[in-house]
Amino acid sequence: MSKKLPVAVLGATGRMGSEAVKAVEAAPDLELVAALGRTGSLQTLVSAGAQYVVDLTVPDSTEANVRFAVEHGMHAVVGTTGWDAGRLQRLEELLAEHPETGVLIAPNFALGSVLASAFAAKAAPYFESVEIVELHHPDKVDAPSGTAARTAELIAAARSDAGTGPSPDATTTELPGARGADVSGVRVHSVRLRGLVAHQEVLLGGPGEQLTIRHDSYDRASFMPGVLLGLREVAAHPGLTVGLDGYLNLNA
Amino acid sequence: MSKKLPVAVLGATGRMGSEAVKAVEAAPDLELVAALGRTGSLQTLVSAGAQYVVDLTVPDSTEANVRFAVEHGMHAVVGTTGWDAGRLQRLEELLAEHPETGVLIAPNFALGSVLASAFAAKAAPYFESVEIVELHHPDKVDAPSGTAARTAELIAAARSDAGTGPSPDATTTELPGARGADVSGVRVHSVRLRGLVAHQEVLLGGPGEQLTIRHDSYDRASFMPGVLLGLREVAAHPGLTVGLDGYLNLNA
Amino acid sequence: MSKKLPVAVLGATGRMGSEAVKAVEAAPDLELVAALGRTGSLQTLVSAGAQYVVDLTVPDSTEANVRFAVEHGMHAVVGTTGWDAGRLQRLEELLAEHPETGVLIAPNFALGSVLASAFAAKAAPYFESVEIVELHHPDKVDAPSGTAARTAELIAAARSDAGTGPSPDATTTELPGARGADVSGVRVHSVRLRGLVAHQEVLLGGPGEQLTIRHDSYDRASFMPGVLLGLREVAAHPGLTVGLDGYLNLNA
Amino acid sequence: MSKKLPVAVLGATGRMGSEAVKAVEAAPDLELVAALGRTGSLQTLVSAGAQYVVDLTVPDSTEANVRFAVEHGMHAVVGTTGWDAGRLQRLEELLAEHPETGVLIAPNFALGSVLASAFAAKAAPYFESVEIVELHHPDKVDAPSGTAARTAELIAAARSDAGTGPSPDATTTELPGARGADVSGVRVHSVRLRGLVAHQEVLLGGPGEQLTIRHDSYDRASFMPGVLLGLREVAAHPGLTVGLDGYLNLNA
């Protein structure tokens, strides 16, 4: 009898899903029992004996996939976007009927990125100044990046909670755009450069010192340690968890 | 009647002490009621009405200073080194007799440095690889720096607790010293460069991603926000606290 | 008989001037023969036997100072601003009458900064993408910094000369300011952070690689090696030289 | 009649060679007329009308390949290693008989890396201190990297030529290895970290300032712009050129 966790991957033919298939196969404590592309039937999960489901599909199908998993007592680790407030509430109601089942929905599985955002928010109240520089390849269509905007929101909330004032800024003469975008009072600068992938620096400054928290993402492979960590921890976290930071031991 | 906290600075004519005098005078919620150099009498603290004492003296006098403060019901914030296990134990015994009095002994008051070390230790178990690069002015006589050695120890302990293996390293041909010093299994590299002050980078790497936590200290002024934070928080932390991180809200 | 170069400092009581006085005094091959504040008479230069003059005064007096020096056969190293086209032309006419006398007018004496700008311009034609991030203390009133704007102009000119196209940028959705200011087609981002002094990064990117040229200025002392280099080289460069890079051995 | 340059790639099935095939095919001004793997006959170059040859084979065959090209009036761009002094001298003798043919032998085709080394050497005489930090993936077997060692040699030679003294270092207490390896008097530190590819920082420091020249190589694709530049320039540089910097406009 195998003690490996039996895992199914949904969206197995996509870019993220195919990485997940490889990562589960390579993990000594996990067993890949099913890998479904777009056309596979969810009943396969049951016949294959899956107890853990990784959903890396598309916004249109993720809700049905996750509800099927929960209804069959399978834990789910979800990287698909599209989970609005209505979907989340309906999922929580379903999970209330299955109190031993866990679901993790994470917009970002890169451990370094999740840690960087959490650290930035913790540090933000202790410094006079904070700004963000994010750097990406030049084919990206939005500026700033979604991750940078979320980090800025987290920082702004932490400073507001602590009663920290705005970052000082004596600028009176500015060429338009020089001081970056204003996201909830935090300045965010977006660099676009051929050769780069996805990078972010949070710069915090006080009298005579600076703290810099930088994350570099070079490759989609960076998401896989977070997916595996999710699979290993999800059964120990029944109910709904949003954000991988809920599984990280940040408060010890 | 003033609501400002009445503060005395011991070692007020030293380099750190004179900065502390300026910082206390500039703080709107603190009042400098005494500033003693080498020759002042501790009785001045009583007559001046000090309720908070900052000790930035020398190892030979710090124990007597702090014990005097505690015996007179004054809270103490201590940056002086020389507190070995015996001194700490005697102080804890004294504090047990004064249960409402708080003492903070901190080897490092730079908030950014304390946060950087704490974050590095929290992140260390989640990455395959971790190394430290510290950079200082070329007049420094020891390598690696004490801060880097302590950070390495914290990282090593965190990885050991979590069961993380050693950082991978395939090096078979090495020019002596290229791979740095080994501090509890963590490689530490010491750069010495004219123009620098005190800087430290912790580099953490996993598949396809890197997390970098860097602290730059440009000026002794960087210690003062930590000293002020200590003064504002010490009364709320009766007993002995070692390390400024004990006052930082890192676990929320 | 001394073989040291006899140097006079004008503006000796100003911030830069007082640093220059110290630097000249400390240099083994230079001798400080005069140090004039605001009220000293230029005749002192003659009586003191100065053959080299450092002008660190104010825009109103620099032209008269330098002309006096040239008319008396003294070489001049000038850090004062305010040299517009008219002044420069008149000075060149005067120097034509004194063909053995040299004048260096430099807007920036920080060797690292001058080298960084020169390298950035040389490298710019070889990369698809180039952007600038400059970082300063938050009391600075203008954004971007003058140095960053000049560097961007140098980069733009070098790319134009080489026929390099614009940096690629697919941004279609932008929060205002996220992509920085546009200086002659080069994006410039201005970070303002307590604790910083003056810092600049030029980021160059091509397929699969990045080149970063960063300069950190921590202290006014950083200008002095450039001033001393100017004094030692000015006699070997008769006529007018604008910019310290004219004295650096960049083209060997 | 095509005006595109007719190019043959030797070693077309290797990792570098297959990248070169793609790069030549994608370049609007080049035409791939032949692509030989291990077993192809060099006569194919003649029949295909190649006038330019890229050699990305192995040390055992590169000399014969390049001599064949030169004897047939074809220019050659060579990335293969193994060119010792004897081979180079024999090649120069052959090129003397073919005065219009050019050969470029380059140990490194990454433009950013070549520029970074050249800039570091030019800047090195102007700073008191210089050190190198190179960072690679942890599967690398040698430390320091060959590129870092070469950069250190270039820096040491430039400082020696200029009469610059050794970098200051007051270290008296050192944990073995902390201060890195000594390469011709330049300290080199080798970081090994999962997730990294190939990165190098040259740190130069003087009073109050620092200049940092960093190169990041993320992908083998970074070599292709240098290969294409070599192909476009080789006909204009008859005879033998060793090092891509010979083709870069560094001295304008």
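Read from first to last, the chains carry the letters A, B, C and D; within each, the first residue is number 1.
Convention: a contact is a pair of C-beta atoms (placed from the backbone, for glycine too) under 8 Å apart; a residue touches a chain by one contact, two chains touch by 3 or more.
This structure is a prediction, so every number in the text was calculated from the model and none was measured.
**Q** Hey, which pair has more contacts between C-betas, B-D or C-D?
**A** If we tally the contacting C-beta pairs, B-D comes out ahead.
**Q** Farthest from subunit C by Cα centre, which chain is it? Let me know.
**A** A
**Q** Between subunit D and subunit A, is it the same set of residue numbers doing the touching on each side, over half shared, or a different set?
**A** same
**Q** Mind checking the rotation angle between the two copies, subunit A and subunit B? C-alpha superposition, nearest 5 degrees is fine.
**A** Going from subunit A to subunit B via C-alpha fit gives 180 degrees.
**Q** If you average the Cα atoms of subunit C and of subunit D to get two centres, how far apart are those centres in Å?
**A** Here subunit C and subunit D have centroids separated by 33 Å.
**Q** Per the centroid of Cα atoms for each chain, what is the distance between subunit A and subunit D, given in Å?
**A** 40
**Q** Could you grab the centroid distance between subunit B and subunit D? Build each centroid from C-alpha atoms only and quote it in angstrom.
**A** For subunit B versus subunit D, the centre distance works out to 46 Å.
**Q** Which positions in subunit B are in touch with at least two other chains?
**A** Residues 127, 195, 204, 206-210, 216, 218-219, 222 of subunit B each touch two or more of the other chains.
**Q** Taking the touch rule as given, give the residues of subunit D at its contact with subunit C in the complex, in rising order.
**A** Touch list, subunit D to subunit C: 110-113, 115-116, 119, 122-123, 125-127, 162, 204, 206-225, 229, 248-252.
**Q** Applying the document's contact rule, which stretches of subunit C touch subunit B when the two form their complex?
**A** Those residues of subunit C that touch subunit B are 195, 197, 216, 218-219, 222.
**Q** Okay, in this complex, where on subunit B does subunit D touch?
**A** Residues 127-131, 133, 135, 138-144, 149, 167-183, 187-196, 203-210.
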